[in-house]
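Take a look at the structures listed below.
Here subunit A shows up in two complexes: once beside subunit B, once beside subunit C.
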Partner chain A sequence: MTRTLRNALLGAAFGLALTAGSAGAATIKVGVVAPFSGPFALVGKTFKEAIEVYQAEHGKTVGNDTVEFVYKDLDQANPAQSKALSQELIVKEKVGYLAGYFFTPDALAVAPLIDEANIPCVIFNAATSAITEKSPRYVRTSFTLWQNTVPLAEYMAKQGIKKVVTAVSDYGPGIDGETAFKATFEKNGGTVVDTIRMPLKSNDFAPFMQRIKDAGAEAIYAFLPAGPTTLAFAKSFSDNGLKAAGIKFFGPGDITQEPDLPALGDAALGITTTFNYSRVHDSAMNKAFLAKHKEMFGSTDTVTFTSVGAYDGAHVIYQMIKNTGGKSDGAKAVESVKGMSWESPRGPLTIDPNSRHVTQTIYLRTVEPVDGKLENVEKAAFANQPDYGYKVGK
Partner chain B sequence: MTTMADHSAPETTTPGNTLMTTRRGIDWIGIPVVAAVGLAAYWLLPDDLGLLTRILSSALFVLSLDLVLGYGGIATLGQAAMFGAGAYAAGIAAVNWVADPFALLAVGGVAGGLVALATGALILHARGLTLLMLTIAVAQIVQEVANKARDWTGGSDGLSGIEPAPVLGMFRFDMYGRTSYLFALAVLVVALVVARRIVRSPFGLACRGVKEDPLRVSAIGGSPKLYLVALYGVAGVFAGVAGGLTAVTSGIVGLDSVGFSWSAEALVMLVLGGTGRLYGAVIGTAAFMGIHHILAASDPFHWMAFIGLFLIGIVLFLPGGIASGVERLVGLVRGKEDRA
Partner chain C sequence: METIFGIAVDGIAYGMILFIISVGLSVTLGLMRVVNLAHGAFAMVGGYVASYAAQAAGLPYAAALVVAVVLTVVATLPLERLLYRRIYGSANELNQVLLTIGLTFVIVAGVNYLFGPTLKRIPLPDLLLGTVSLGPKAIPAHRAFVIGAGALTLLGLWWLLERTDFGIRLRAAVDDPAMAAALGIRTERLYLATFALGTGLAALGGVLGAELLPLEPYYAIRYIVLFLAVVAVGGAGSIFGSAAAALALGIVDTAGKYLIPNFGEFFFYAALILILFRWPHGFFKGRTA
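And now, the complex of A and B:
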């Protein structure tokens, strides 16, 4: 308190400009690498807005140190560029923490850097389980496909669904989802009657819909990258009469992310997903988060899972700075947050000491209209879900 | 490609003559200048070596594109197929068998060359737009193979864990990128020397002949397709080495290295620098990536618009690329000297 007082006095004496520098403390920089332009620009925007909301709520200082976020644009998956940008952040900007990373290869690219520089890297999104195995300095605040898929498969088996077709995009995360689903669902007594892998760039899904019909499945488990492909898939699902035939549509929550829902429209109605965050999650903290977001940016239309990934990531970084007293020691900082639990807008979180990935509640949601807007309405919650893919999946 | 017109300009006319001598003059000093500027950048910008290393390995890739487009007239949007093949081959070799960086470059070069020879033999009978489409198709196939062969390539997660041994057993690839940068610079300079030798050899001249007039080449007993396939293969080796260099210096290979946008971006950089000059590839890459970096750093959210304006400006005012502007400038100075 006395220090604050002294600072305030100093400030009064020397004016505003001087106080900022004379606090006798350093500025700790956090480098955020994410897409801020191009087709995935929305991701970077949600990261940045969530960080700003967090800083507005918790202040820009930790102890005596000011925390400053530096943003670098990486518009698509490009690991070589990711490494060059991160290297620049470390060497030139002298950041004490790295954060962000939307795509898995971009996150993987920095493993040798953070080990050599002894800097923690907090991943806001990149969701392949294997990432945190590659360096002890990774901490992740998002989710993995395994984490979302295992409770979904168990739920479906409990609902008495016996025959399921999996339809995933033919790339890393899709295959992760398929593997996780098949393993869990068959262990729980169900049968996966067909596994369909669709080319990443396909837009015509009619032939796949025919295959799903022919397989005689009661439900499908689908995963596609969020955006236009999911839109086409969901439309094709209802246009080809699968929805009318009573086939149920399940999948991880990425496919019904909040910013896409208006475009998905009625085709999205009734899609049941499991995920770590819904914008309409009913908690005081989420309401406060949304209110602050609305106050600062005028709308909450873009708030989605990447927002809370960044919000909680910022929280972890603040805690690390606090625990290390502002000194730069990556190994110690990561050690200090292992096992840490806290309350987030998405619910209770714990950093698993082994995998350094968040253990969290996974919610079962159905797309329904709320006040004229489509939302992922939570129907059930599965508490304390770890990353089931750690050291299992690829 | 219109920039090549002055090659066929009759040597008797004065403007053509000065341009030819100018270009020859620049050609001589071009490679030492690249080496000198590269070394100067090492001292002047010690904090930006990550970006500079990316520029060097990309310049090598654009150089390979200049060989096929600027000297063979092969319109391609699939050069990344060779780059990616080289990068993945070097990466897979590094993860499983060898660690010596020079050996990895060789592996990359061989892979790029083989892919180029195999696909070139299949598609180079076509010309113009048909050829363009075929090159895109080849790159798509290579990309899909890389995506499917997840056990080897890591699929969309990327192939990580490439840890090359120290260069010559002495210089470790460190976090600051000093070794990476000097290694890349050395590779690029050697590649420029070799490329220069190739385009001035009888083989290189024959390829230019094919570019200008394939009919005439066949009339004097040469096989245009043979020359083009050979040139495509040689350029494939360059692209493969560039891929290997990227794998070695960045330690990871992603699907983007075989992507369409990488091929297209290389074409933009080449046209920006100037085709058919070799050093135009280096200038174009340095200019594009440098400006991209400065703009993206100062405004990470809207830099693309400024890049667009910059490109439009270059195309309007320097249709032959930045290199043609340099040549005109040198020509102007020379002209004054002659008159004096």
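And now, the complex of A and C:
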């Protein structure tokens, strides 16, 4: 008994000595939860590469503190696992910041944790508007469906398009997109003649194409999660003669994400989308980002929206560390970046003090060949777009 | 009227694609009684070989198709010798499931490592682009081609299994391996040949179906339920049963999605339940081919 007690005391004393010794120049850990294996492994890869590019450009230290990123693999949408991994990061790795999160449910699951541990959580992707309402310690550097859809619907109405069919995947973000489109487009004088919600696991899209044709629409607004279904949908659209019939294809930019474009091929030509980042965005900063990426990883083929989400997320975390002088205080760190503005490879960004989501320029792009490669070529820009979906319907 | 015609055409086209990607499983599961969950993985390997042959090696579509089928068969034959041979027979069902699902994971990881997680495509020749019109309805030329290929496969398999010595011997070997061996049939070779037939058809389906089921490393797991559904409804081992099942499921699914899209996959699975409730062993149980 006494021996156990003595060992415990010794251990505690030793532990204290260790923490005291490292107080001068500490290592601040940032836990990144994202898919690094499985069907969405590409997302984790883009996150990690973008963070490494950021660290190569800005150094690994802020003041006296070294910033170290710790990665945890969460291969699919799994809120329970997300919570367990994040808890492990907080308790075992003693991270001062959480980041990453590709899927909405995974991001939502950590709200009670970050509040209890008083740790900021910087979301690199998860795009449902409601997330940042759930905890004051969330900051998001990606986009929301509302943010991309509202300017698109306004643009389509201005082009004189009157009749549109919406075709979305039947899950949270799809329904967000449909709601945002319908509300904005009808306010601007258009009519949504049919709303189609397609099962997430659809293989054959011919029946939906027939329905779109029969509805007599001039254009479609489509949203599907990036991946094999998007490819089948876009192919089906051109194969079933809808493209030839002059029906126009609009949607948020997820559907034409850069890594999928080579596989989409000619079926992607002419698809018009709105999004926060295109790889061919014409700015010195984006060119420098791509050049550094190419230098470090040999290719920029996978650079896409998740890359800038993580790049800017890393920037926000660096600023938080600088503003708090390396002390761990989540509420203060988040407070210190509210209203912060900076220039990113995608354009100017500001963190909206209310929604803690980035207000940014949304670009209208069309898929066109550039030097023999398909790219999202920017046609117009809509500056200062906030998250229109924040506290909508409340 | 036009709506019904449209649904019928799209339904048959989808059904034929379902048939061509699952008929290989009907051969291994039905005729050889091996629950081959690696069927999707073999189909995926075929698709990746065709994609590589067409894009990196620059072969024309037809040549890429042949190369894919041949290479997939050649690559999987050692698996028959080393692994599958040990798990033949209906007493080994659990072993079959465990072995083939494990094999699937290995192939998924291998393909992911070699080709990366992005989508791959098999470029189509100009002849198969564009549309073919059937009265008031237009369908993609590629689908018309798959319908033709499916019909040919159906006839070819029927002829092979019902009208040739090979078919007679195979059916004998499956029904009573001991007796067939006693009569001098070399069952090992027969099984090897049938396994090759099954994987060859899997590869063919992987290539022809790639427009509908795009190639990515998780193909092998993503679509296995679809393949199993077609074989279960059709009755294991019945080629005509698989065709009938694929067409029925294709038409029901298309009609459901066209008329009430919000119900999603409901009609597909409802049809599956009802058919299996009425015919627990599938449409054509007890009759070969």
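The working rule: the second predicted complex is superposed on the first by the 368 of 394 C-alpha atoms of A that agree within 3 Å, B and C clash if a C-alpha of one lies under 4 Å from a C-alpha of the other, contacts with A are read in each partner's own complex, and residues count from 1 in each chain.
Everything below uses one rule, namely that a contact is a pair of C-beta atoms (placed from the backbone, for glycine too) under 8 Å apart; a residue touches a chain by one contact, two chains touch by 3 or more.
Keep in mind that this is a model prediction, so the values were computed, not measured.
Peer 1: Would you sort A:240 into first (subunit B), second (subunit C), both or neither based on which partner it touches?
Peer 2: So A:240 only meets subunit C here.
Peer 1: On the A-aligned overlay, A:288 touches which partner chain: subunit B = first, subunit C = second, or both, or neither?
Peer 2: It touches nothing on subunit B or subunit C.
Peer 1: For A:260 in the superposed arrangement: first (subunit B), second (subunit C), both or neither?
Peer 2: After superposing on A, A:260 lies in contact with subunit C but is clear of subunit B.
Peer 1: Touch test for A:26: subunit B only (first), subunit C only (second), both, or neither?
Peer 2: neither
Peer 1: Classify the contacts of A:296 with the two partner chains as first (subunit B alone), second (subunit C alone), both, or neither.
Peer 2: neither
Peer 1: Between subunit B (first) and subunit C (second), which, if any, makes contact with A:370: first, second, both or neither?
Peer 2: A:370 contacts neither subunit B nor subunit C.
Peer 1: Which partner does A:38 contact after superposing on A: first (subunit B), second (subunit C), both, neither?
Peer 2: So A:38 meets both subunit B and subunit C here.
Peer 1: Once the structures are superposed on A, label A:198 by its partner contacts, choosing first (subunit B), second (subunit C), both or neither.
Peer 2: In the superposition, A:198 contacts subunit C only.
Peer 1: Once the shared chain is lined up, is A:170 touching subunit B (first), subunit C (second), both, or neither of them?
Peer 2: After superposition on chain A, A:170 lies in contact with both partners, subunit B and subunit C.
Peer 1: Show which residues of subunit A both subunit B and subunit C reach, each in its own complex.
Peer 2: 38, 41, 170
Peer 1: What does subunit A use to touch subunit C in their complex?
Peer 2: Touch residues, subunit A against subunit C: 38-42, 170, 196-199, 201-204, 206-208, 210-211, 214, 227-228, 231-232, 235, 239-241, 244, 259-260, 262-263, 265, 302.
Peer 1: Residue numbers of subunit B touching subunit A in their complex, please.
Peer 2: 47-51, 53-54, 147-148, 150, 154-158, 160-161, 163, 174-177, 246, 249-257, 261, 296-297, 300-304
Peer 1: Help me check something: in the complex, which residues belonging to subunit A touch subunit B?
Peer 2: Listed in rising order, the residues of subunit A that touch subunit B are 36-38, 41, 44, 71-73, 76-81, 83-85, 87-88, 90-92, 104-105, 108-109, 111-113, 116-117, 128, 130, 134, 170-173, 175, 200, 394.
Peer 1: Show which residues of subunit C lie in contact with subunit A when the two form their complex.
Peer 2: Per the stated touch rule, the residues are 3, 6-7, 10, 13-14, 17, 112, 116-121, 123, 131, 138-140, 142-143, 211-214, 216-219, 222-223, 226, 250, 253-255, 257-258, 261-262, 264-265.
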